[in-house]
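Note that chain A is present in both complexes that follow, paired respectively with chain B and with chain C.
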Partner chain A sequence: MSLIPGSVISQLVDQAAGSDPEKLAEMEAFLGLDRPWYAQLGSWLANVVQGDLGNSWRSRIPVADLLGPRLMVTLQLSAMATVISSLVLGIPGGLIAAAYKSRWPDSVVRVVSLLALSVPVFWMGSMLILVFSVWFNWSPPLTWVSPFEDFGANMRMMILPAIALGLAGAAPLVRMTRNSILEVMGQNYIRTARSTGATEGRIRFRHALRNAIIPVVTSAGLQFGFLIGGAVVIEEVFSLPGVGRLLLQAISQRDFPVVQACVLTIGIFLIFLNIAVDILYAYLDPRIKLGD
Partner chain B sequence: MGSPHRTDEARLEPTHPIRTRLRAVRRVLAEEPLLTIGILISFIMLLIAIFPEFFATYDPRDTDALAPLQGPSTAHWFGTDTLGRDVYSRVIHGTRTSIAVSGISVGFALLVGSTLGLISGYFGGFVDQLLGRLMDVVFSLPALLLAVAIAGVLGPSVRNAIIAIGVVYTPHFFRVARSGAITMSARPFVMASRLIGARHRRIVIRHILPNVSALLMVQTTVSFAYAILLEASLSFLGLGVQPPNPSWGSILNEGRPFLQLAGWMSIFPGLMILLSVLSVNLVGDTLRDRWDTSQGSG
Partner chain C sequence: MTVGEILAPLESGPPPDDVVLDVRGLRTQLSTSRGANWIQIIRDVSFTLRRNQRLAIVGESGSGKSVTALSIMRLLDKSASEITGEVWIGGEDAQAMSDRQMRRIRGRRVAMIFQDPMTSLNPVKRIGDQIVAAMRLHSDISQKDAMAEALRLLKEVQIPAPEQRLRSYPHELSGGMRQRVMIALALSMEPEVIIADEPTTALDVTVQAQVMRLLKERVESHGAATILITHDLGLVAGFAEFVLVMYAGRIVERGPIERVLLDPAHPYTAGLLASLCTLDTDPLEELPSIEGAPPRPDDVPSGCSFHPRCWMATDLCRTERPPMVEGASPDLGAAECHFAWNVVPPGAGT
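This part shows the complex of A and B:
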């Protein structure tokens, strides 16, 4: 990223003091841009390891201070979307499809989930705004409130973007749940349960779902990461002050420390997410042992 | 010239005359109505992309100061935008840009990803380790986030959007090609040709590639659907196709401030994206299902 010099200098200097070459060089030296790119990358890495993400070129505010509150918004949004896509849509959809395998409800679920997969997330967001404002004469509030201050207002703001985002993430979970249940239903212990005279509903929920849900939990966890990506656009549509908007703003201002920090933070978060999912996996399925 | 031991899997099947092949295709289409619908819509989209002049009713750049922001009517099917341009014609002309950008990006990813994947899987060792790690880094970041970062840093333009989308999808092809190459390298027919002294390049191209190509085809379809969405997202954010030129995403970008005033500027391009992505997904989903069940994986 440091490879591309960008125009932050000219942008900053234009505001400050016209295009005086001396001023330009001074500014460059101040930001460390006069050094070769590998030196810049090296010192950036050295600082990051020490927990210093640097300062924004624009506002001079430490990047960590910019990022912190915005990360909360993005994480809340992605978490809500994950709940919607797994608990509200994905798992019930998969259960229905598996229960009626190769019959019409199965086909309906398949087409609907393909539809959901094919909708651009940001367009879904716009359409939700449009539908709610035209038909119900209601639109989400424009200023963001922390859930700890006013939970109701926060929910009113977050529910539509979470639905738009959750819809996009539901399709793989539907498929996963359906296939996983079908696989489990063919196993011996289900036959045994059936032979003891257990009802079909009991078999399905008590015996099959418990085992079938494990891979679904894993992919729901990984889905969380995918949804963070989707949050970038949906935040723009709903004007939520999240990491996505910060990133876009930083890009348009060529504020590279902020861009680097945004990508790095989300990358690190995803690594921890993967570890957490692995641990959860072992917890849910006692047969799996971590680290051999 | 050709070695007598060249036994591509396809060679083992009896070769069908064309008529039997056609009948087989027709049978598959009859079995899978969704596949048929998907192919049909994709074909229409392709026609629109190639001959937009035939479908459009106005010049997409013609402004009409007397008719800005008009709702859908018989004169303007999808209404007009702020400058009085015909939204229908802009959507039609945008088809070419959107499909071309996604197509070129996926082509780039297919070429680079599968070449590197084949090399990595076939030779293994240090090269494999290095490429594998590199691809993992790209793969682990969310597609949209990475594309936004790349396109943003390189600067907003069509070319950079193509690079961004291409880079994002390269690891997908890399993984498919690599795992295919590893499986195939262990097969007796590959060992046999190595024993006769065939060159590496020949083995990879003539023996391994044909056996991985079906999986790569499925991956291409799936990635193409996502690439259309990604291009739309980038252009919507102003990082792809730039406004005077129509693409589905850039029209949505222009319509965004007028969402509640002129909803048609947002509804129709979105529907077009939905329709084209859905049609490609219908094809990809069916292909994947048939591949998974009838052929086993990899």
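This part shows the complex of A and C:
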């Protein structure tokens, strides 16, 4: 980021006063920008370890206060998108495709998922807005409300971005689920289940799904990370006050403390996500034990 | 009732009540590439199994033993297999049944024990739950009673610490223990017929003997007829009362176990027996073996399919398929050979 031309100084100063070189140097020293980048990073890290994310250079508000409410929005968006991409679209889509392998439902699911995969997230978002506002004359509310305040309004605001994001994430999950189910259906224990007289539906849901879901969970976990990337874009399209939008804003304003805090938060979040996936593994597959 | 009657295929219509499984003119084709490239695997297999009988189907790999079992159970992939012939189970032709009717037959009337115990149990379900689920498919027994019954069955198949094993996952058990669980699973549905497809092939020799003894005891006490599918004549001798010998998708010899082992009527059976290792075998001498390999199912020789490997083959064998020749008394079974009942062992001169 240091390589990007322009700095927060020129932006701050342009608005305030003229370009007095002395004043500029003074501000640079005040923000620590006169020190080499590694020194800046070092002192930032030292502060972070003590729980101090610093203040925004631009607005002077503590970064933690900026980030807190926005984190909530992004988490909600990603969580909803994950639920939509895996539970609503991905896994059922994969199940349908596998059950009707090489017949028309399979083809439909595969073509649709390929399309969803090929379309960029921002375009999907714009199209959803377009379709809903122009054709159905319905548009999401303009200001974001916490789901704890007004759940209905919150959902109206969040559902379209979550769908836009979820569609993109669903495509690989559909394919993964389909292939995983088909592979499991060829296993010996499925033949055993058939030999006991179990129905196809029972075999699919009771015997195959839990085995097939294990690789899909990994994939969904990784998807979640990808969705956060998508969230940055989609928040901008739907003007949601999330971490992604904050990050974009901070980058364009060269607001280093905010940028660093956003990246750090997303990083920590991904680590927790991976841990959660590992724990879920042990639950799904008894052959994996935690602790030994 | 004579042995000949027991083994000879019945003519038509439903079989008598004591016949639990009657296979007539079974032919199975498999497709290697979805609906194309059909290969005839089973070419005319007929046999009759009565209540409490223990039958063995013996043959080399690729002779069609397992496909015979899967055809009877209709467990082959529908789009890649074509089965003709009749399979009478409990007074009805299973080949003519709907899928739904067939599901009620599976497990309840005919249960299967598969070759590979390591992969034949669902890895993410507890043993007890798997047995209970199978039981409850076929009866209205409550979850609790079914679990108690599963525990009793685990005890019956001599699994140590059965209470704990009920809650174990398959990966926590050894191969021999898993095969005992498979036996318990098959018994839990109280079938009339149990088809055991190479049940001990994946196990150590010592464990093999235990599992076979257990299987024999259990099927006897439960009054189930059994079909043991194996390539191991040694196992057959200790287990079965009757034997079918399969070669290239056909039954080439059938008869009571003592007669077949002591006085084989088909050269192929004689060859298999000659290649067995016994206590009298000179350890320094190479065991005789049948030369060549079984034919590929898509390239079965004309006439008698065994003739290229047969030391007794003549021009007749090359051109004409031999008839099924009954023994002097119907009790002795029959063999499909031009020289049936006059077999010289391999290496005894031509």
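One rule holds for everything that comes next: the second predicted complex is superposed on the first by the 283 of 292 C-alpha atoms of A that agree within 3 Å, B and C clash if a C-alpha of one lies under 4 Å from a C-alpha of the other, contacts with A are read in each partner's own complex, and residues count from 1 in each chain.
Just so we're on the same page, a contact is a pair of C-beta atoms (placed from the backbone, for glycine too) under 8 Å apart; a residue touches a chain by one contact, two chains touch by 3 or more.
Because the structure is a prediction, the values reported are computed rather than measured.
In the model built by aligning both structures on chain A, chain B fits alongside chain C without clashing.
Once the two complexes are laid over each other on the shared chain, residue contacts for A:Asn188 go to chain C alone; chain B is not touched.
By the touch criterion defined above, A:Gly230 lies against chain B but remains apart from chain C after alignment on the C-alpha atoms of chain A. Once the two complexes are overlaid on the shared chain, A:Arg210 sits against chain C while remaining clear of chain B. Once the two complexes are laid on top of each other via chain A, the angle at chain A between chain B and chain C, using C-alpha centres, comes to 80°, given in steps of 10. When the shared chain is aligned, chain B comes close enough to touch A:Gly267, but chain C does not. In the superposition on chain A, the chain among chain B and chain C reaching more residues of chain A is B. When the two structures are aligned on the shared chain, A:Leu240 is found in touch with neither chain B nor chain C.
Shared-chain residue A:Leu248: touches chain B; no touch with chain C. In the superposition on chain A, contact of A:Leu130 is made with chain B only, not with chain C. Between chain B and chain C the least C-alpha distance in the superposed model amounts to 14 Å.
Interface residues of chain A, counted against chain B in their complex, comprise 1, 4, 6, 110-111, 114-115, 117-123, 126-127, 129-130, 133-134, 139, 225-226, 228-230, 232-233, 236-237, 244, 247-248, 251-252, 256, 259, 262-263, 266-267, 270-271, 274. Residues of chain A touching chain C in their complex: 187-189, 191-199, 206-207, 210-211, 284-287. Remark: chain B residues 34, 140-146, 148-149, 152-155, 225, 229, 232-233, 236-237, 239, 252, 256, 259-260, 263, 266-267, 270, 273-274, 277-278, 281-282, 285 touch chain A in the complex.
Touching chain A in their complex are the following residues of chain C: 73, 75, 103-108, 111-112, 114, 116, 119-125, 133-134, 137-138, 169, 171, 182, 185, 189.
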